[in-house]
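Below you'll find the structures, each written out as C-alpha cells.
Across the two complexes that follow, chain A remains constant while its partner is chain B and subsequently chain C.
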Partner chain A sequence: MLSLAGYHIRAMLRNNGILIWVVAFPIILATLFMVMFDGMMSNQQAGTIAVGVLADGNYQAPAAEPLRAILGALAEEGPGEEAFLALTSYADADEANDALIAREVEVLVTVDADGAPQMSVPPNSLNSTHEAMVQAVLDRYLQSEAAVSELARNDPAALASPEAVAALTADLMGDEAQTAEVSVLRVDPSEMARFYYALLGFSTAMGANVASVLTERLKANLSPVGARCQVSSMQPARQLGAVLIASWVIVFCCLMAAFCYIRFVANVSFAGREALAPVACAACALVSCALGMALWALPWLSANVKDAVLTVGVLVLALPAGLYGEPALGLSDWLTQHMPWLQAINPSVQAANAFYALTYYDSLVPFFQTLSTILAIAAVLFAVAALCMRRQRYASL
Partner chain B sequence: MQVFKIALRLVRRNWMLFAIYVLALSVMGVFMATGVGGGLAGSASADASYEQALPKAAVIDRDGSAVSRALTEYVRANSTFVEVEDGTFALQDAAARDVASYVLVIPAGYGQGLLEAARSGGDAPELECIVSYMGASGSLMDEKVRSWAQELYALAAASTAPVEELVSWVEGVQDARVPVSVAATEQEGVPSAYLIYCQFATYPLFGGVAAIVATGLASLRDPDVRRRVGASCVGEGSFARQVGAAIAVCGLVVWAANAAFGLALYHGSLEGVPPASVALMLGALLALGLVGTAFGFLLSQLGVSHQVAHAVANIASMVLTFLAGTWVSIDQMGAGMEALARFTPGYWCVDALGAVYEAPAVTGELVARVASDALLVALFAAVIALVAVVAGRARRQRALA
Partner chain C sequence: MTDVVSVSNLVKRYGDLVALDHFSLRVAPGEILGLLGPNGSGKTTAINCMLQLLTYSQGSIELFGQPMTPARYDLKRKIGVVPQQVAVFDELTARENIDCFCSLYVSDRAERRVLVDAALDFVGLRDFQRFRPRKLSGGLLRRLNIACGIAHRPELIFFDEPTVAVDPQSRNAILSGIQRLRDEGATVVYTSHYMEEVEQICSRIVIMDHGRVLAQGTADELKRMISTGEKIEIEVADLPAAVLAALRALPHVISAVYEAGVLRVSCEASQRNLMDVLDALGRADVAVGRVWSEPPTLNDVFLEITGRELRDETPEAGR
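Let's look at the complex of A and B:
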C-alpha cells in the first residue's frame, strides 16, 4: 500500500495542472493580497468625510454661528490626525445638489430659516456609516439645543443666570464623559488577516483536486490505470488507503507551504501559536482528501463535469469563508449568526475558523472544537467515498 | 460551416459547464449583492428612502443603576441589539466573530461616579468598549454613547434634580434629530444590488467563458482530429475562422444568460429605471465578455489541458476581478495598485458600471464615457485574440516541423 502511495505521489508531482491549482494558486493569491493590502488602511476609523455645505444666507446668519463653529472645528486637522470632515462650500443650491448627485461630496448640509441644520444624501445611497456619522454630529448639535430648552422647562432656576447657560452650553460640547477602548483578544484583530485565513480555507477545498485525480486513477471506467488497478490483486479498500495517504501527504505539504508563505512572507500573525498550525493543516488536509475522494467516487457524473463541479464548488465554498472581499466577510458573519449549521458543514469555513480560533482566543477549546468539526466532516465524506467505491459495476469499460 | 456546427455541438455537449460556471457564479453574485445592496424586489424601495445605518451593539451592565439602565435602553434603541454574556470567552467570541460591532461595558458605580464628577467639575469615570475592526459602525456607536453620557453630565452639572429626572430629560432630548432627505434626480437610478450583481458578473463573463471554451473545444485539439482535419478539404484559415465564430457565439450566449438571469431576478427593483441605463451596463459587460471569449480562444490555441484551463481561467478571473475593485473597493488600495489596475480590462468595465450607477440621468456625456470604456475593454479582447491567432499559428507550425 505504501509503495502504491509512493507511485501516486510521484505521478502527482508530474501533473502540471494539479501543481498550479494546489501549490501555485494559494501562493499567487497570497501575493496578490500582499500587494493589494500594502498601503490599504483599516476602515475601523471613519476617515475624512467629504461634506458639502450650502453657504447661503441662512448658513451665514448669526443663528447658525454655533453650527458653523462645530463644522469648522471638525474640519481642522489635529496633531497627527486627519480631519474628520472635508468641507466644500457651495453658494448656489443647484450647484450643491449637482455636486451631491455626482458624489463629489458624500453629504450635503443646509440650514433652514431658524438656523437648524438639514442633511441630504445622494440618490441610491447605501445608508453608509459616513452618512450616519455626519448625522450623529448634527443630531448632537440639535440635542444640545434641546437639552438647554429641556432644562429651562423643567428646572428654570438652574438657568437663572447667563453664566449658567454658558456653562451648560460648554458642558454639552465638552468631553468629560469618555469611553476607553479595551482589547479582549490575544492580538489586535485585522480585517486583512481574515482574508488570509479565508485563503487557507480556500486552499483546503482546493486540495481536493489531488484526491480527485488520484481517485480517478482507481476507477476502471475513467482511466487505463484505473482499469489495471481494478484487476490487480490489491483490495479496493487498500487502494483507497494508498490514495488517501498520497493525497494527504501532498495536500498537507501544500497547506504548510501556504501557511509558511502567509506567516513569514506576508507576515500575518498567528500570535505565537505557529507550533499548532501543523495540527490544523493535518486536519484540513484530511477533509480536503475526503472531499475529493467523495466527489470522484460518485458514479453518476462524467469526469469533465466533476472537474467543473469541484472547481466551482471550491469557489462557492470559499464565499461564506469571506474570501471575496468585504461583502463576502459580511455574508460570512451573517451566516455564522443566522445559519450556523450551514457554516458548520462547510470545510472551507471550518478550516478558516481553525486558524482564526488558534490566533485570537485565549483558550484552545474553540480551536479543538473546530478541528473536531473538520474531522467529523471528513468522516462523513470518507463514508460516502467508501460506499460509492464498494462493489461498483461499470456498464462499459 | 461544418466545423462551426461541430464546435457549437461540442460546446453544447458541455452544457453542465454552462450551468455550473454561468448559473452558479451568477447566484454567487446575487448572494454578494444581497449582502451589500439589499434584497431582490425590496432593494428599490430601500434605495428610495434614507435609513440611518444601525450597528450591531451589546451592553454589559455591571452597574445596575438608573443611569446604566437608561444607557442600555439608549443603545438598544439605536442599534441592532445583541445579547452578550459577561465573561472573557463570551467577549472574545463576540469580538472575534464580529457578533457585535460595539460592546459597551458599564463599570460598577458608573452612574454614581458620573453624577459626582459632574457636580464637582471633574472628569466622569470612563466607560469601557470593544469596537469591531470591521468597518466604522462601532466607532459611530461609540460617538453616540459619548454624546449621551456628555448630555447627562452637562444636565447633572447644571441641575440638582434627582438622577431619574435627569435621565428622563436626556431621553426626551434624543427626539431632536436632523431631518435627512435623499437628493432628487430626473430619472430613477440603478439599484445598488443590481450594480453589485453586475460587478460580480465580471467573474463568470471572463473566467466562465474562458473555461467553457477551453474545455468544451478540447477535443478539436486532439491530434487524431487535427490529422483528419488536415487531410480534409477545409483550409487552415477557414477552420480557425469557424472555430473562432463558434467561440464568439459561446461568449455571447454566456453574456446573454448572465444578463437574462440578472434581469429576471432584479426586474422588480429595475422598474422605473431607464432601459438605457441597464443597456449601457449590459453593453459594458458584453465588452468584458468579449475579453473572456478571446482569453478562452487563447487557451484553446495554446492547447492546454482541461485542468490547466480551469486553473488558469479561475486564477486570471480572480486577479482581474480583484484589480477591478469587485472584491475590495479600489479606492481603499494604494495609488500604485490603482495605476496597475488601469492596465486591466476589468477596471474599465467596473468604471463604466459605476458611471451609470452614479449618473443622475442618461446623458450624451454618460453614453460617451461608457462607450469609451467599453471600447477600451474591447481593445483588450482584440489584442488577446490577436495573440491567440499568432500563438496558434506558431504552435501548428512547430507541430508540422
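Let's look at the complex of A and C:
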C-alpha cells in the first residue's frame, strides 16, 4: 500500500493540472490579495488635510476661541505622527475662495457672526474622505458647544469656576470623552485577514482535486487504469488507503505552503499561534481528501460530470467562506447568524473558521471545536467513499 | 487436469441487447485460446465478466477450478490482464508503471525489482525504462501495456486485442512474446478480430458472434467444418458466360464469380481443383494471367457460418 501511495504522490507531483490548481493557484491568489489590499490600505491612509481658514473678525472673536484652539491643536504634529490638518489662513474672503477653487486647500472653514463654524468645499466636490473627516470634527465641535450652552442654561453653577469649565472641556473634547474601546479578541481584528483565511478554506476545497484524480484511477468505470487496479489482488480498501495517504500528504504540503506564504510574505498575523497551524492544515487536508474521494467514489456520474461538479462545488463552497469580497463576507455573516447548520457542514467555511479561531480567540476551545467539526465532516465523507468503493462490479463499462 | 477457465451458460444483457447469450468456454492449462469475433461480438464483455468487472444475469464462472467472485483475491493474484486500451499512468516512467502495477500483487520491493527487470527484458523496453508513456511510440506503448499486465508472473493471462493499431514489427514481437509466455507455463486467453494472428499463435480457437459461440476447435478443425476446401483466383482478360457456366458445372466447384478481370472459384477439398479449372479455361481458349490458389481462411469459416465477413472494418496500414 505504501509503495502504491508513493507512486501516487510521484504521479501527482508530475501532474501539471494538480501543480497549477492545488499548489500554485492559492499562492497566486494570495499574491493578488496582497497587491489588491495594499492599494486599498494606502487609499485608507488619511494623510494631512489642507484646510483653509478665513481669518476674519468672526474667526478672531472670543466666541471662536474654542474653535481656534481645536484647529490649532489638530494642526500640530504629534510624536512620530504627522499633523492631521495643515492650516492656511486667509485674511480676505476672495483670496480664500480662490484658493479653494484652485484646490490649494481641500476645505475652507469660515466662522459666522454667531461664532458657528461653516465649511465650504470646492465646486464639483467628490465628497472625499478628507472632507468627511473635517466635517466630523466641526460637527463634534458644534455638538459640544450646544451641550455647554444647554448646561449653562439649566445648571449655571456647573460652569461657575474655571476648574469646572476646564474639566468639562476636557471631557467633551478629549480622546476618551464618551466611549471606551473594549476588545474580546486576542488581537485587533483585521478585515483583510479574513480574506486570507477564506483563501485557506478555498484551498482546502481545491485540494479535493488530488483525491478525485487518484480515486478516478481506482474505478473501472472511470478509467482504463481503474479497471487494471480493480482486477488486481489488492483489496479496494487498501487501494483507497493508498489514495488517502498520497492525497493527504500532497494537500497538507500545499496548505502549509499557502499558510507560510500568507504568514511570511503577505505578513498576515496568526497572533503567535503559528505552531498550531500545521494541526489545522492536517485536519483541513483530511476533509479535502474525503471530499474528493466521496465525490469520485459515487457510482452514478461520469468522470466529466464529476469534474464539473467539483469545479463548481469548490467555487460555491468558498462563497460563504467570504472569499469573493465584502458581499461574500456579508453573506458569510448572515449565514452564520441565520443558517449556522449550512456553515457547519461546509468544509471551506470550517477551514477558514479554524484559522480565524486560532488567531483571535483567547481560548483554544473554539479552534479545537472547529477542528472536531472538520473531522466529523471528513468521517462522513470517508464513510460514503468506502461504501461506494465496495461496489466492485458494474452493469456496464 | 482441471480447466483453468470454465464458463457455463453465461448470459449478460445491456437492457434489451443480449451481449452474451449462454456463452460457454473451457480453457485447458498451457493453452493459448483465441477468442475470435468481429467488433461488438462480446469478446471483451466475456472477459470482463470472467474478471468480475461486470455483473451478469445467469451462468457460472470458475477459474482454476474455483468459483470466481469479486472478493477472490487469491485467484486474482494468479491472473494478468492486458486490456484493449493502453492503461498506464502518464506521469510515471515505463519502469515506474510496471513496478506500480506489480505492487498491486507483490508487496516485497526486492522481489518486485527482479520481476520488473524481467518484464522489461521480456517486452524489450530496457532501453526505454526511463521514458514516460507519451515519449513512447504506439508499438512500445503496447509493449508497456503488456509488461504491466504480466510482471507479477500470472498463471492465466487475458490479452484483449493487444495488437490494435500496432506496426508489424511490434505486432510480431507481441505475438512471439505471448508464445513465450505459454512456453513458460502460462495459460492465455487471446481475443482479436484479426484472424491471421489468432491462427498464428492459438492452439484452439473459439469463434463467436452476437454473444454466442459459433464454432470452436483448432484452426484445421474449423476449416474442415466448412465445405470450402480451396480458393482459386485467376486473372482473365475476358470470360464468356458459357465458359463461366462450364466452370460452375465442374465437380467440386462450389461457386465461380467473374468480376473486374478476376475469376474467383471456391472448391471443395480435392487434389485436382486447380488443374480442372485451368483445363476448362484452356479448352475454351481463354487467356490466363496470374493464378493464386490458397486453402480456406478463418474468415471463410466465419463467412460460411454467419454469412458475413469477420473483419468488419478496414485493416490498418501495414497489416
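Definition applied: the second predicted complex is superposed on the first by the 257 of 397 C-alpha atoms of A that agree within 3 Å, B and C clash if a C-alpha of one lies under 4 Å from a C-alpha of the other, contacts with A are read in each partner's own complex, and residues count from 1 in each chain.
The definition used in the following text is that a residue touches a chain if its C-beta (ideal position, glycine included) is under 8 Å from a C-beta of that chain, and two chains touch if they have at least 3 such contacts.
Since the structure is predicted, the reported quantities are computational estimates derived from the model, not experimental observations.
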item	value
Which superposed partner A:S269 touches (first chain B, second chain C, both, neither)	neither
Chain B versus chain C as contact partner of A:M234, first or second or both or neither	second
Chain touching more of chain A, residue-wise (chain B, chain C)	B
Which of chain B and chain C A:I101 touches, first, second, both or neither	first
Touching partner for A:T48 - first (chain B), second (chain C), both, neither	neither
First, second, both or neither for A:L331, with chain B first and chain C second	first
First, second, both or neither for A:T88, with chain B first and chain C second	neither
Partner chain(s) touched by A:Q369 [first = chain B, second = chain C, both, neither]	neither
Doubly contacted residues of chain A, that is, touched by chain B and again by chain C	15
Touching residues (chain side chain B, partner chain A) in the complex	14, 16-17, 20-21, 24-25, 28, 31-32, 34-37, 47, 50-53, 55, 88-89, 91-93, 95-99, 104-105, 114, 117-118, 122-124, 126-140, 142-147, 149-155, 157-161, 165, 169-170, 172-185, 189-192, 196, 211, 215, 305-308, 310-312, 314-315, 318-319, 322, 326-329, 332-337, 357-358, 360
Touching residues (chain side chain A, partner chain B) in the complex	15-18, 20-21, 24-25, 28-29, 32, 35-36, 38-47, 97, 100-103, 108, 116-133, 135-136, 138-147, 150-151, 154-155, 158-159, 164, 167-168, 171-172, 174-185, 188-191, 209, 213, 301, 304-305, 307-309, 311-312, 315-316, 319, 324-331, 333-334, 336-337, 356-357, 360-363, 366
For the chain A and chain C complex, residues of the former touching the latter	3-4, 7, 10-12, 14-15, 217, 220, 223-225, 227-235, 239, 392-397
Touch list for chain C against partner chain A, complex	14, 48, 51-55, 70-71, 73-74, 76-77, 79, 81, 83, 85-89, 91-92, 96, 99-101, 103-105, 107, 109, 112, 148-149
